[in-house]
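Paired with chain B in one complex and with chain C in the other, chain A is shared by the two complexes that follow.
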Partner chain A sequence: MIQTPIDSGGRQTSVVWYRNIRVLRAVTQVVAVIAVVGLVWWLLNNLVNNLNRQNINTDFGFLNRPTQFQIPYDEGFNPRSSVWAMVLVGVKNTFLAGIFGIILASLLGLIVGISRLSSNWLVARIAAVYVETLRNIPPLVVIIFFGFALFTFGPFPVITEADQYSFFGSEHNWLILSNTVWGVPSLIAEEGAGLLWVGVVVGLVAAGLVARWRTRVFDRTGRPHHRLSFALGTFLVVAFVGYLIAGDAYSMSWPALAASGRRIGGGLRLNWGFISVTVALGLYTASHIAEIIRGSILAVPKGQSEAANAIALSAFQRYRFVVLPQALRVAVPPVINQYLNLLKNTSLGVAVAYAEITNLTLTSIGNGRPAPQSIVVLMGVYLAFSLTISFMLNVYNRRIQLVEH
Partner chain B sequence: MMRIKRFAVMLLGLALVAAACGDDDGGGNLLADVLDRGTLLCGVNEAQPGFGTVDAAGNFEGFDVEFCRVVAAGILGNADAVEYVSLTTGERFTALQSGEIDVLIRNTTWTATRDGQEGATFLFTTFYDGQGLMVPASTGFTSLEDLADANICVLQATTTELNLTAVFNARGIPFNPVGFADNTQLRPAYEEGQCEAWTADASGLAGWKATIEGEGGEEQRILPDIISKEPLGPVVRDGDTAWAQAVEWSVMATVQAWEFGIDSMNVVGFASDDPNVINFLGGLDPALGLPTDFVVQIISQVGNYEEIYNRHIPQIGIPLEGTPNELWTNGGLMYAPPYR
Partner chain C sequence: MSDRPFMEPGLEEPILVIDEGPREQLPPAKWVRRHLFNNWYNTLITVLLVLALGYAAYRFALFLFVNGRWSPVRQNLTLFMVGRFPRDELWRIVTQVIVWSGTLGLAWGAAIAGARYRATLAGVPYAEDPLLAKVRRYWGLLGLLILILLLTESFGPLILALVAVGAGAVMQSVGARVPGHNAGFMWAAVGVLGVGGYQIVSGFHGTGWLWMGAPLAWGAVQLMRRIEWRSFRRRRIATIGSTVGVFGLAYAAYTILDLDGVGWDKWEGLHLNLIVATLAIVLAFPLGLLLALARRSTFPALRVMATSYIELIRGVPLISLLLMAQFFIGFFLSTTTPLSTLTRAIAAFTLFTSAYIAEIVRGGLQSVPRGQLEAGQSVGLSPVGVTRLIVLPQALRAVIPAMVGQFIALFKDTSLLSIISVAEILDVRSLVHAQAAFRGFGIAETLVFVMLAFWAFSFTMSRESQRLERRLGVGER
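Let's turn to the complex of A and B:
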């Protein structure tokens, strides 16, 4: 409320413009905007001037020029492909390391977090040692440790003398282990694959319908719905029928050493950079997630556990039905944070020659691509990843949050 | 009212800082800046035996490091007035472009793309080299074709990386290049067998062969194929011709001195009737911005090209005779323009 000043004679006076609070606020905001915009413009102008003085171009045309270098452990990549293709390969590699790291970190973090609260002294201590060790080591050191300990100085032989394992008396190799690349079997889609996926989708729809029917039966008559079993059974039947109709949907591709003995052909090839980064970041982030889970379990009121014990629930039932549902609600936002950290920490894969997006961007900058534009593209990639993960998990969070009415 | 006053003071402070930082004079007077500063910022390698290494006391030494001292002796009159900045292959050109270093003397190859895209100007070639491959002798490889499907260790952001791809693709040999950020990570991977071959400039490989075998490692063999031309020399930024010429004439003075037979022993009081020698040793000021006696300073404090070479390169296994780095009168490529 702006009060008009009253002078000693009781008359209202008007305020000088340079003391009028509204004018001052407006002017300050205008000046602030000009200052910020001016600063940013000046910085960009400086950058462009300096680049032009040295004849370095400032547009994004470099994305269409050939990459000129080969991506390690990616035989299919043609060095004459454009830089944009290289960026896509980097995005794919970062995504793969990120998703498998996230899965490993979540499962391990949950287990270790719960173990730390176990009444079994040995289990609790082992979990505590694990958390305290890994949480206090920088992630780069963990990655280098796994890269060196597992592979460079590790127990696996050189590729020419790789260990080949076969199970169940099969004549194919199931597992090839060496200190640069591992081979595991994979599936190759044949012609019938499309039909099989149609069958899977139909099966899922049918399972959903059956689950809804069983729920209605339960509501009407009170008989146990067993909807999970019914849905699962329906899905399996429909999918199996789809598989029979489709015929040759997928065939197995077995890893085998190529003729030269220095490469694995066939199967799924996991290179040592990928394994080091995924395992190292999975274990590192799991230690953080374990602490988050432990904190969130301790945040559930003790009365809940006591009530669960009072109605004779076993420890597993207590966790599954009472404690964890309440604890995980609290844990979701910090865990989202850890997932984002894991994804950004994959950029440390440079140390173990893993061809993720930061590594490829730095290599291309070193080979003559303009640095500012390449870094802008790199930042855009990480921003896209982070925003996607945050968005998905925030949607989930909003659904499971307890809303105070 | 207080809040607005504080805010205004903050904005004023920001404006003052911005004014103080901004000094975009358009470039072109790095020579004056270096003379003002009194030290030369030189970008070097710290992990390349023979060219740039760090000894136990933390001092830089090597063929390229000596040329940093040559430039400092010529421009500043003091060979020790150098601040060495150790750079990896990935950051060397960014450091040059941003002004973090004045000159880059780090076994860097002169290519057209670097001239054009990196905003760099390459100066007199101090070392004519070529790219080679090194393999452990136990593998028995003798030619490139033996390396089909091999993992080959290479440094990222080097011409060797691109040459390797080009040459192997041209010959249709499949291979897998494993790129590392620097030699300290590459060497364990190579020695433990994660790559079957190591590719770099032949001089670099000779240095690593000497080091690995000298430390008791496996015997190494450098394959006879030289798969590219690698002229190595100092690099400066585009857009400053005066600086480039000052650096270049300082470097070329070492070769000219070698041709005249002047070395660090006899330069002081070197007597000659040849007017070219008299001019060279200080009788001429060509207005390059260098002090008149810069040649005497360079040769007395550091040495001529032959002395610099013999202090570092034969120790890694490449003697001067018979290589392209010999003086032009002996059949090599070292030819300095006349100081006239």
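Let's turn to the complex of A and C:
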């Protein structure tokens, strides 16, 4: 691109220095860097000056001091726990809401997305209405709807008069519903639990090896591999042996109203903030995932399914072996993007007092912890989540591209 | 799917319709058989769904007409629309609605004129959509409008709606009648009307002249381009001179007029949601454009800085930025007067949106084929010239649908203002339920109303963006 000008005598002349592209490039970049660094330096300088003037500490020592407040629905946490412990509780709750929201959103999104292409007009219409409704409402409003219209001011009774359900003539409660906490049965680890998990891990490894062996046999001989059935069988056998050796690894824990009637003891206790955030975000994100799934299925060339028809695959086989594998490859990156959005949207739990990281940070600032450092920690947590997920996405994308070669 | 005689009898119909080809017209009975009862499991699903839908419709109708306690909505409609905006100054918002309706009409008309002009140049026939198609396209918004009008008890809103729609229609037909080669002036007029409508509420004072000056200067530049100048240099001088002159005139006018208005700290309700979304996208666009260009540039330093800014902002939720703005954006500046909550929030929205716009524009830049760039270089354009004259016009055209999508997301995100206690439409609910009569009363009903308001705007805009996408043929070239 860079040509040395030639004068009328055919000799090469040098470019004037201020028009030399190399000089221009270097100067532009240096100027830009100086401008940006200067701006950032000026802002930070102001920040430190202003904080000093108002006698606000700029160190992170507050992380080791007690929080001096209680986290609702968290018995393991007391006001003497440090701010670090609070951050960890917040991260755990953010992660829990994220994981369960993602599971709900994926299942529902897949179902709705496929339903939108159903040959049954009614099914397709209902799926379309679902998508067009949920997609166009702010997730915050959906969360608040669940939190307040369904829980706080909703049809469920207060905890002291909670509905207790027991099924199949069992003497235990299977379900306790109130407007703040729901109780469901859960498993409690006994002594043998460690041994059982060893069995599970060994089973998984064995299953992986068996699957590889079957794949090799298939590659070599072309005989049907049945690797899924083989692997599953191996896993079940090993895990069952582990279960037998471990004895009673887990026991059931049943929810029951405590003597005071103000709380539920035993079982798994789901608080209203968690249910609102998880279900609302699950429903909202499902509408986006459904659109992605639909788009990816439509993106598979028509010739592919015609070819599948031509070799007389059944409708199910056509989807399982021809259309879906190609559609999912297109769908994975945007779907993971939606997962990331869902994880970031759990910060809306602030509105329903769910003890996730943003809410706890806000409470802690309200209790006199320095705001700038608290928010830096908060952003750091989210950045760590986001960068990890985008890193994994990049790795996946690279693998996909290799496959296509 | 009907033209497949080679299919074996008994081979099942596909669960999914792969290609949504042109609709075939079937007699109703045949249509029902084909689309609802074509095999045993579809019949089963249809029957079950009809039963479930019937029950849901019954419960919903019960909620709407019998059990619903709609008085909190009905008695607080003005609160939901404009919040606690000073009631003596309400005429400002009324005027603003009419002016902006006219502005939208003019923009629409100008778009039609421009499209017709381009179609004529290209020698393609141009057909305008019939009125019915337009009404059908905007049924979400129209439905919300009609619902609100049905809920009101006075005739004021009805008159306002009629006048506003009338103004829009008149301006649209004016815009559409302007010859296409003058469409540039129409866009300048749209800008002047838009800024003017904004300043009817905010007042014609302070730095308002900068905003008003921009579209006026654009108009002046258009005018200078029309005139035949004897030399290139004279034209350049005239262009610069007229721009400076227009800004100077605007400054003088605003200094002399100095009409006070109602500052944005007093704006609330749905009005605020719409304005914050619009302001944020307008303010974030230049920043996002620069970021995108920097990220795509061949300068490593610029690329690294732009990329880290974009990834940093996109990696954190909007709430954390809003909190940052609330708690310590003031510390970053050396101002002595504290910024208002809304100003800080708008700053956060702008920073947030600019990163997303940068990614959208980057997508647009990538969609411009390399050959375009090379063609530009080969005719001797400078790198800046290639970007400004060849790459950007094509890239920006391609990103219009995605920008509308970003605007929708932003509009939905304005609900987050409620978390920092700015009384946008979602937070107006807390004002309503603080009234003695409605404490803990009609919670679901007010929420449904707020949902409907958000839904009507977002749905209409998303339909519009899909239509734009088809019309611009994005992804087809």
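The rule we apply is simple: the second predicted complex is superposed on the first by the 356 of 405 C-alpha atoms of A that agree within 3 Å, B and C clash if a C-alpha of one lies under 4 Å from a C-alpha of the other, contacts with A are read in each partner's own complex, and residues count from 1 in each chain.
The definition used in the following text is that contacts are C-beta pairs under 8 Å (C-beta built on N, C-alpha and C of every residue); 3 or more make two chains touch, one makes a residue touch a chain.
Just so you know, these numbers come straight off a predicted model, no measurement behind them.
Q: Could you say whether A:350 touches chain B, chain C, both of them, or neither, answering first, second, both or neither?
A: A:350 sits against chain B and chain C alike.
Q: When the two structures are laid over each other on chain A, which of chain B and chain C touches more residues of chain A?
A: C
Q: Which partner chains sit in contact with A:151 here, chain B, chain C, both or neither? Use first/second/both/neither.
A: Once the two structures are laid over each other on A, A:151 reaches chain B alone.
Q: Looking at the overlay, what does A:46 touch: chain B (first), chain C (second), both, or neither?
A: both
Q: Of the partners chain B and chain C, which touch A:32 in the superposed model: first, second, both, neither?
A: So A:32 meets both chain B and chain C here.
Q: Report for A:252: first if it touches chain B alone, second if chain C alone, otherwise both or neither.
A: neither
Q: Report for A:244: first if it touches chain B alone, second if chain C alone, otherwise both or neither.
A: So A:244 meets neither chain B nor chain C here.
Q: Would you check which partner chain A:180 touches, where first means chain B only, second means chain C only, and both and neither mean what they say?
A: First partner only.
Q: Counting only touches as set out at the top, which of chain B and chain C does A:365 meet: first, second, both, neither?
A: Both chain B and chain C are touched by A:365.
Q: Between chain B and chain C, which residues of chain A are contacted by each of them?
A: Looking at chain A, the two contact sets intersect at 25, 28, 32, 46, 49-51, 148, 152-153, 350-351, 362, 365, 371.
Q: Using the touch definition from the top, list the residues of chain B that touch chain A in their complex.
A: Chain B residues touching chain A: 4, 7-8, 11, 14-15, 18, 22, 24, 26-27, 89-91, 93-94, 97, 113-114, 116-120, 148-151, 156-158, 161-162, 164-166, 169, 174-181, 185, 188-189, 192-196, 237-239.
Q: Report the residues of chain A in contact with chain B in the complex, numbered from low to high.
A: Going by the criterion above, the answer is residues 24-25, 28, 31-32, 35, 39, 42, 46, 49-51, 53-57, 68-70, 72-73, 75, 79, 148, 151-153, 158-159, 179-180, 258, 260-263, 272, 350-351, 353, 359, 362-363, 365-371.
Q: Can you tell me which positions in chain A touch chain C when the two form their complex?
A: 1, 25, 28-30, 32-33, 36, 43, 46-47, 49-51, 114, 117-123, 126, 132-133, 135-142, 144-145, 148-149, 152-154, 297-298, 300, 302, 305, 309, 312, 314-315, 318-319, 323, 344-345, 347-348, 350-351, 358, 361-362, 365, 371-372, 375, 378-379, 382-383, 385-387, 390
Q: Which residues of chain C touch chain A in the complex?
A: 7-8, 11-20, 35-36, 38, 42, 45-46, 49-50, 53, 298-302, 305, 311-312, 314-317, 319-320, 323-324, 327-328, 330-334, 377, 408, 412-413, 415-416, 418-419, 426, 440, 443-444, 447, 450-451, 454-455, 458-459, 462
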